[in-house]
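Labels A, B, C, D, E, F and G are assigned to the chains in the order they are written; within every chain, residues are numbered from 1.
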Amino acid sequence: MQTVMAFVVGALYAAGLYLMMRRSIFKLIIGLALLSHGSNLFLFLMGYLTRGGPPITPPEAVRPVAPFADPLPQALILTAIVIGFGVQAFAVVLIRRAHETLGTDDLDKMQSTDVD
Amino acid sequence: MTSLILSTATTYLLPLLLLLSVYLLLHGHDVPGGGFVGGVVAAAAFALYAIAHGVEEARRVLHTHPRTLIGLGLLTALLSGVIAFVSNEPFLKGLWTTVTLPVEWKLGTPTLFDVGVYLVVVGVTLMIIFSVAED
Amino acid sequence: MSELTLTSAVVLSFLSVAFFLAFVRLLRGPTLPDRVVALDLIAVVGIGFVSAYAIASDQSILLNVASVMALIGFLGTVAFAYYLRRKA
Amino acid sequence: MQDAVCAALMIAGTFFMVVGGVGVIRFPDLYMRVSSSTKASTLGAGFILLSLAFHFNELGTTMRAVATITFLVVTGPVSAHLISRAAYGIGVRLWEGTIRDELRGRYNPDTNVVESVELESNEDERPQAP
Amino acid sequence: MTLFLLNVLLALAWTALTGELTATNMVIGFLLGYGTLWMARRADAPSGYFKKARQVIKFAFFFLWELLKANLRVTYDILTPRHRMRPAIIAVPLDAKTDMEISFLANLITLTPGTLSLEVSNDRRVLFIHAMYVTDADQFRRDIKRGLEQRLLEVLR
Amino acid sequence: MKVLLLLPLLIPLLTAIISLLVWDRRLQRIFGVIGMAGLLGSAVGLLRTVCKEGIQAVQVGGWPAPFGITLVADVFAAIMVVMAGLMGLAVMVYSLTSMDKRRESFGYYPLTHIMLMGVCGSFLTGDIFNLYVWFEVMLIASFVLTELGSEKAQLEGAIKYVTLNLVSSALFLTAVGVLYGMVGTLNMADLANQLAKVKPSGLVTTASMLFFLAFGIKAAVFPLFFWLPASYHTPPVSVSAIFAALLTKVGVYALIRVFSLLFTGQTAATHGLILAVAGLTMATGVLGAVAQNDFRRLLSFHIVSQIGYMIMGLGLFTPLGLAGSIFHIVHNMLAKTNLFLISGVVHRVKGTYQLSSLGGLSRSSPGLAILFLVSAFSLAGMPPLSGFWSKLILVQAGLQAREYTIVAVALVVSLLTLYSMTKIWNEVFWKTDPAEGEQEPAKTDSFGEAESSLALLAPIVVIGCLIVSIGLAAQPVFALFEKAAHQLMNPAEYIRAVLGELP
Amino acid sequence: MLIAVVSGFVFSLAVPLLHRTVRNVTDWLVVLLPFSLFIYFSFLTQPIAAGGVLSSSHAWAPSVGVNLSFVLDGLSLLFAILISGIGALVFLYSSGYFKGHSGLGRFYAYLLIFMASMLGLVLSDNVIALFIFWELTSLSSYLLIGFDHERSSARSAARQALLVTSVGGLALLAGLLLLGEAGGSFELSQLLREREAIRSHRFYVPIVVLIMVAAFTKSAQFPFHFWLPNAMEAPAPVSTYLHSATMVKAGIYLLARLSPVLGGARIWQGTIVVVGAITMLIGACLAIKETDIKRILAYSTVSILGVLTFLLGLGTRAAVEAAVAYLFIHALYKAGLFLVAGIIDHETGIRDVTRLSGLARIMPVTALAAAVAGLSMAGLPPLFGFIGKELLYTATLQAPLANSILTAAVLLTSALLVAVAGIVSLGPFIGRTMTLSEKHGGVPLTMTAGPVVLAGLGLLIGLLPNLVAGRIVSSAVGAVLAQPAAIKLALLHGLTVQLGLSGLTFALGVTAYLRRDALRRAVSRFDLGTALGPAKGYSLTLDGMTALARLQTRILQSGHLHIYLFIILAVTVGLVGSWLVRYYGLMRLEGWADIRFYEFLTALVIVAATIVIVRASSRLFSVVALGVVGYSMGIIYIIFGAPDLAMTQFSIDTLTVILLLLVLYRLPRYARYSTTLERLRDAAIALAVGVLVTGLTLAATAVPPISQISSYFAENSYLLAKGRNVVNVILVDFRAFDTLGEITVLAVAAIGVYSLMKLRGNGSDG
């Protein structure tokens, strides 16, 4: 399954980046979301997939029963997801505001800060 | 959104959801849950309320400005870490004590930290949803 | 225990088929509410899946996930309805 | 015995879910699909959650399972109502075999006002002004 | 209401006494408590609790039966190749008055396979229902009012 | 004094929290300055401790390394924290006058503090994932500061800034993941130990490329710098100034950190690449600046160009080279920030950043003119100012390493820098004001009228004095940087400080 | 000596303030400083001539080998005397020239910085310190040339001078650093001992080339000569001080200073001689061509600098003797003439020699001084110039190669310079008296003092050459040759070839002067190419660079976000991919067998939903599909033992969907903006990244690691951290610090959203 998921990760990266390269600002946001899914899943795979046991100590035990999933990537992803959410929420509203203020959703029309 | 059915349901769901959120928060140390998910659930409850009854009403039910919740949450998290300084331990060192209420209740700075996370998440989610929805 | 494990394996497969069917509706639409209904169903099938998986793997704690999903799925649908209503 | 009940409930739940899925695929208009999906959510998820409660048979788990079922039973119809109502609001078509539509013309999408219908079977007197 | 709470307390006491903290034991405790209370009831102080309890149980069985019937019909329809439905949106006048009553009714209707509460008029006097198997609109209205609404209002009021 | 390691993070956080809770503009201004002063104070204390007692490490949460998160301060990190505090304080004081009320009421001060928290966290952490977290803290705060005010140009710039930096974050996260996947640890000292054992080392180099890209985008090196010139000139000038001072430098810091601690297995390939990129960054950046006719845009392109010098020393990977890099970072923080602050004063007096519409300031504000001259010539590497020494050291290091091409590029670029600095000087200060006839005659008061605010000028004067002092007292400063470079080149001390005496 | 150098810098800081408060005193104070330095250095001539060397050393940045070490030998003493002596006169002159000017304080400051830097330059024993002072002279000259900065010509001339000399400065830095590498020290006194090692070092040729570039730019040698005439935008005192007496001779100083270390080799000698000779001729020709008195003087200076250069190149004892003497002579008469030109300009406002005449009656003292200086320039006895010319011819006649050609060239140059001397020192003063527009009150004494003293010195030394021969010239020559030299100078040596040549020179020069207008026309027609060549090169370089800069910026900073992304991704694929491909063998595609149906179906749904999102034609459809991706990921997380993750994923996903919905109805419909080709291009690179990431995943987890960290967490989460949910314990305890950062990010995001939504309208920027 690890191999299959590796391809899923690849698909998420590719799709996310492709969408970010579109000129519509909304696609940019969707692309960002996919990219963030991709990197989370990537991190998850780095702990190697383990079926079944969550890393939780059952009652009357003092440590999780093996085999259990690697807890550290999970914690990292949780942090990354939450951070990603914050950033995305900001980006979504930024784009909404930009569209309202600039009157376009075409990123190629937003060049005034680069080009004189 | 004026739907009689939704607003009635929401009125009854709000306490249920808040209960769930507190459950997730307090038991997060042992079972799936924790401050973040608990906070999202609580915020979802208020967000639902805002959709059913309007943002104004939801703000009223919340009693405080979400920004204050964020500040309090961060402060709680910070305090939970700084407490350790008192006993000359490093920042965020987990200190535990057992309170015997009707049931034995282990209380520690990590729990306090999670409470901070909870408050921040509630505040942040609501601040975002309220300000966007009010537009 | 093994019968239950076998049952749950079958059940999980069927649930994933239901999941897939809902996804097909989501693909076909044709209207947005159709897709939203499909998404709602996906969430609910997900709850079923998680519960069944809890039985299969003997992890009662997964119920917490199901509870949260129930709430969250509802909120999502409400939001879509809110959006459609506001747009109308 | 417990396992058997458990398995039966699980299978029943799964059955309803699959049926709900098929229904969502097969029914010709949105409103009927909503009917189909609501069933899946209440009966399907309900049965599986019951099965879970039986399987573990702990008070806490059971109570949470029951709470979740209650939650699903309350929210399922509400969301079905909301989405179909919204769909009607934006003009999602009824199946051509629909025999009558008594709501037609009574909903104003601009004001979101739904007019009442005068029907003889209103038994009570008119409600007081709010 | 106090009796209900007492019943719950009795159930808790039972589970504590037996020391077995499972759902099944809790249900047994509740039933035992109910029986105890029923036996201990006093003729001179009639309580609505037992009547209500009976009504609720009756209503629950009624609803489950309706649910099963409708479900079979819809399931059959789904799983067989030809569609048999005659859908319609029907306006049903309401006797339910409070928010609680109206929502409860609307939700129960939606829960029943084949019917779906679509709208409530702004003056809350009419419920618009989408139904899949309508032969006659007035008949449908009567079924709803006599069947579900009346029984529900009995329980709630 | 282990708490000193935490204070640079906790003080800004606490200040931000208080600001959030109080949310009164006036009080925020006061807390803002006090908080920054506290940060600077604690940073100086940290630097002193590190110099006196060697590398400091603290295990957050009391969990031993490599299990918990470790904060580490070597001399390099401590220097960077001091600089962050200094720049923070300077900009904060400057903001008291320059920042408008609207932005102040929407969280300018707490945002800046949180950004500094992220910056200091990035400098001090000894954990690669924790570094990601602090990067994000810094980034999100900078995102908000970029858009704060929601003017057209700000929003436009912010979209590019946000998007490209998020790509960088995704690459960073991927890179962290690869490391974890390979060796299953996150503590940087532990990683240094583990990565050395990975066979074949080519896989480590593959991972290092991801880090190079992720940090390269943040550091704005060629050809990854696009976000910077697109956005840096859009927010209010105090924001541009603090960005110029800190953000790209954090990227450079991270590059130096990982390429001196973790990825030293195939230096011929990795550091050769860095060196090539350094040259191209210098050249493209300065050419970008030459093409500009707007004060702040010109300065923004120079940031890019100067980044090239900062990573040049890393590419050379000799003690002298690294010392030069650190020298250049410190110098550039001072000079570039000051130039931005000066551009702000100019804008305040004349109402524009367009060079063609400016003029006459050497007559009306000779004091400002001198301060500009000091900063600008320092940026161009003119002796005896701070920039000269870093240029000298880098060139010397380059010659010693026999990398003549990069030396040639560095020298030519410094000439072009001088060219564009004199362009500003000629246009803004020497040329007569094109609008002179329309206004009342300019005052010959030494600092003009609108700029006479002490809060506005004090930071510029102080930084100007620092630029000169570093130039004149190069020896003690350089000795410090040499020490920092020595620690970087010999990571054993760092690893020992984090992991203890264990093998 | 440190004090001698530093005092100027320190004083320059105080002068603007002093000038504002006590103006008159300041005028005298600024003269006092160079004058006392002059006295100080004059007193040192005796011990130095006696073979002594004065040195002092102060550490500055010893780690990089930079010290303020000074050595005073004959060569530096000669320069120090010129710098301080002429400096005193120029300061005095300035007080009159700029009387009442508000910027005088600033001017004094710049000039003091210049003087101090120049002293530092010639006294430094440490080559890096020498470089620092070298750059400071460029810098102060920039400020001085641009002193009159309201004129755009002054600004661009200042910048030109700075840029051209900075090219040299950078070459100098590189050259000196290489020299330090080759010689193992930055101290000249050390380097001198290592000269054999340096001459055989592989850096020798680069060092020589770089040093020569530095010297040639500073001393306005062909083809860098063009900046000097343009620098005549500077006020007269500046031209006098920088562009005739001192700064332009820094290059000469450098060549002289380093010739003991670097000299002798063919490349050194040959190049310097050729460049010097060309410069000498071109300078003289161009001087004839000009009509602006200051530009004429400037070109004649270029010519003399050429003379000095080629003399140093010859490197024979006679040549060095001539060079040292000529340097001294030129400083005296050219400074005088520049001051005179300044007086003329100051009094009449005219600098065109064809329009100037009869000024002798208006300013007789000035005229006299001009005449004496002019005669020295023309090389007539009994003036110092005459001695110089004799020495010059001696040197060319004794040249080791091509002596006849060189002699002819010098003859031609000198003749032209005689004519030039006539044009500038005679022409304006004779003939019909001009009518001056405004009332003329006489030239102030402060301004005439300079020319008079300088001309008088020229006469005095001409008559009594051994006043300086033994004390100054000998020791300077000795320093250049790195061996003691005792030199006698005499006005007349009897009837020699040199005397004949001098006579011939004068005759030709007079002829040229008389036919000056015809000559001017002829030269103008003739040497257009040479005149414009390098200057045009300069402007072409600048234009070319600007054009290149514009082009590059347009290409790189195009404003198209998708192009930025494309480039970044392409670099990613290139860098990471190229390394990954080498380790392709590591990737194993096993594990295919271990797949369960529901897992596969879920993965399939993720991919399908992703494709849907990419191809979706409506925004809402993509939002819904995004929800599916989120839910499916949650299922994957559940299956593989991550319930916390699943929960969070579901929550976040729904929140995102809600947020998207809330902002969505404000956004327009999807539009297809890009062309099919662009789409294909982007798809290709995106897919490449996707493949790369897949490959990375497989490569990085080829060997499933046993993470010690995770085992520790699992082992201790309950026992030590009192929590059963290891993931949560990591989040709130083991790695709570991460979480602290995480909630900070959230808080900031909320503030950001809040400000975006609520902060409206345009604020002032500042």
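The rule is simple: contacts are C-beta pairs under 8 Å (C-beta built on N, C-alpha and C of every residue); 3 or more make two chains touch, one makes a residue touch a chain.
These figures come from a predicted structure and were not determined experimentally.
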For this session: Note the shortest touch-path length, in steps, from chain A to chain E.
Result: 2
For this session: Name the chain whose C-alpha centroid is farthest from the C-alpha centroid of chain E.
Result: G
Exercise. With respect to inter-chain C-beta contacts, which pair, B-D or C-D, contains the greater number?
Worked result: C-D
Exercise. Which chain's mean C-alpha position is the greatest distance from chain C's?
Worked result: G
For this session: Would you kindly tell me how far, in whole Å, the mean C-alpha position of chain F lies from that of chain A?
Result: 28
Seminar exercise, completed: When centres are defined as mean Cα positions, the distance from chain D to chain F in whole Å is 58
Problem set entry | Between chain F and chain C, distance of the C-alpha-averaged centres to the nearest whole Å | 49
For this session: For chain B, jot down the residues that touch at least 2 other chains.
Result: 1, 3, 5-6, 9, 20, 30-33, 36-37, 40-41, 44, 47, 67, 70, 74, 78, 91-92, 94, 124, 128, 132
For this session: Find every residue in chain A that makes contact with two or more other chains and list them.
Result: 17, 20, 25, 28, 38, 42, 45-47, 52-54, 56-57, 72, 76, 78-79, 82-83, 86-87, 89-90, 93-95, 97, 107, 110, 112-114
Seminar exercise, completed: Residue ranges of chain D touching at least 2 other chains are 22, 34, 58, 61, 67, 71, 74-78, 81-82, 84-85, 112
For this session: Chain pairs that touch, all of them, please.
Result: A-B, A-C, A-F, A-G, B-C, B-D, B-E, B-F, B-G, C-D, C-G, D-E, F-G
Exercise. Given the complex with chain G, which residues does chain B contribute to the contact?
Worked result: 28-37, 40-41, 44, 47, 66-67, 70, 73-74, 77-78, 81, 91-92, 94, 96, 106, 108, 110-111, 113-114, 116-117, 120-121, 123-125, 127-129, 131-135
For this session: Sort out for me which residues of chain F touch chain G in the complex.
Result: 13, 16, 20, 60-61, 63, 66-69, 98-100, 102-103, 106-107, 110-111, 114, 117-118, 121, 129-130, 133-134, 136-137, 140-141, 143-144, 147-151, 159-160, 163-164, 167, 171, 174, 177-178, 180-186, 200, 202-203, 205-207, 209-210, 212-213, 217, 223-224, 226-227, 229-230, 236-237, 273, 284, 287-292, 344, 347-348, 362, 366, 377, 382-384, 388-389, 392-393, 395-396, 399-400, 407-408, 411-412, 414-416, 418-419, 422, 426, 429-432, 444, 474-475, 478-479, 482
Exercise. How about chain B: which of its residues touch chain D in the complex?
Worked result: 1-3, 5-6, 9, 12-13, 16, 20
Seminar exercise, completed: Within their complex, chain E touches chain B through residues 99-100, 102-103, 106-107, 117, 120, 124
Exercise. For chain E, which residues count as touching chain D in their complex?
Worked result: 15, 21-24, 26, 67, 71, 74-75, 78-79, 83, 85-91, 93, 95, 97, 106-111, 113-126, 128, 130, 132, 134, 137, 141-142, 145
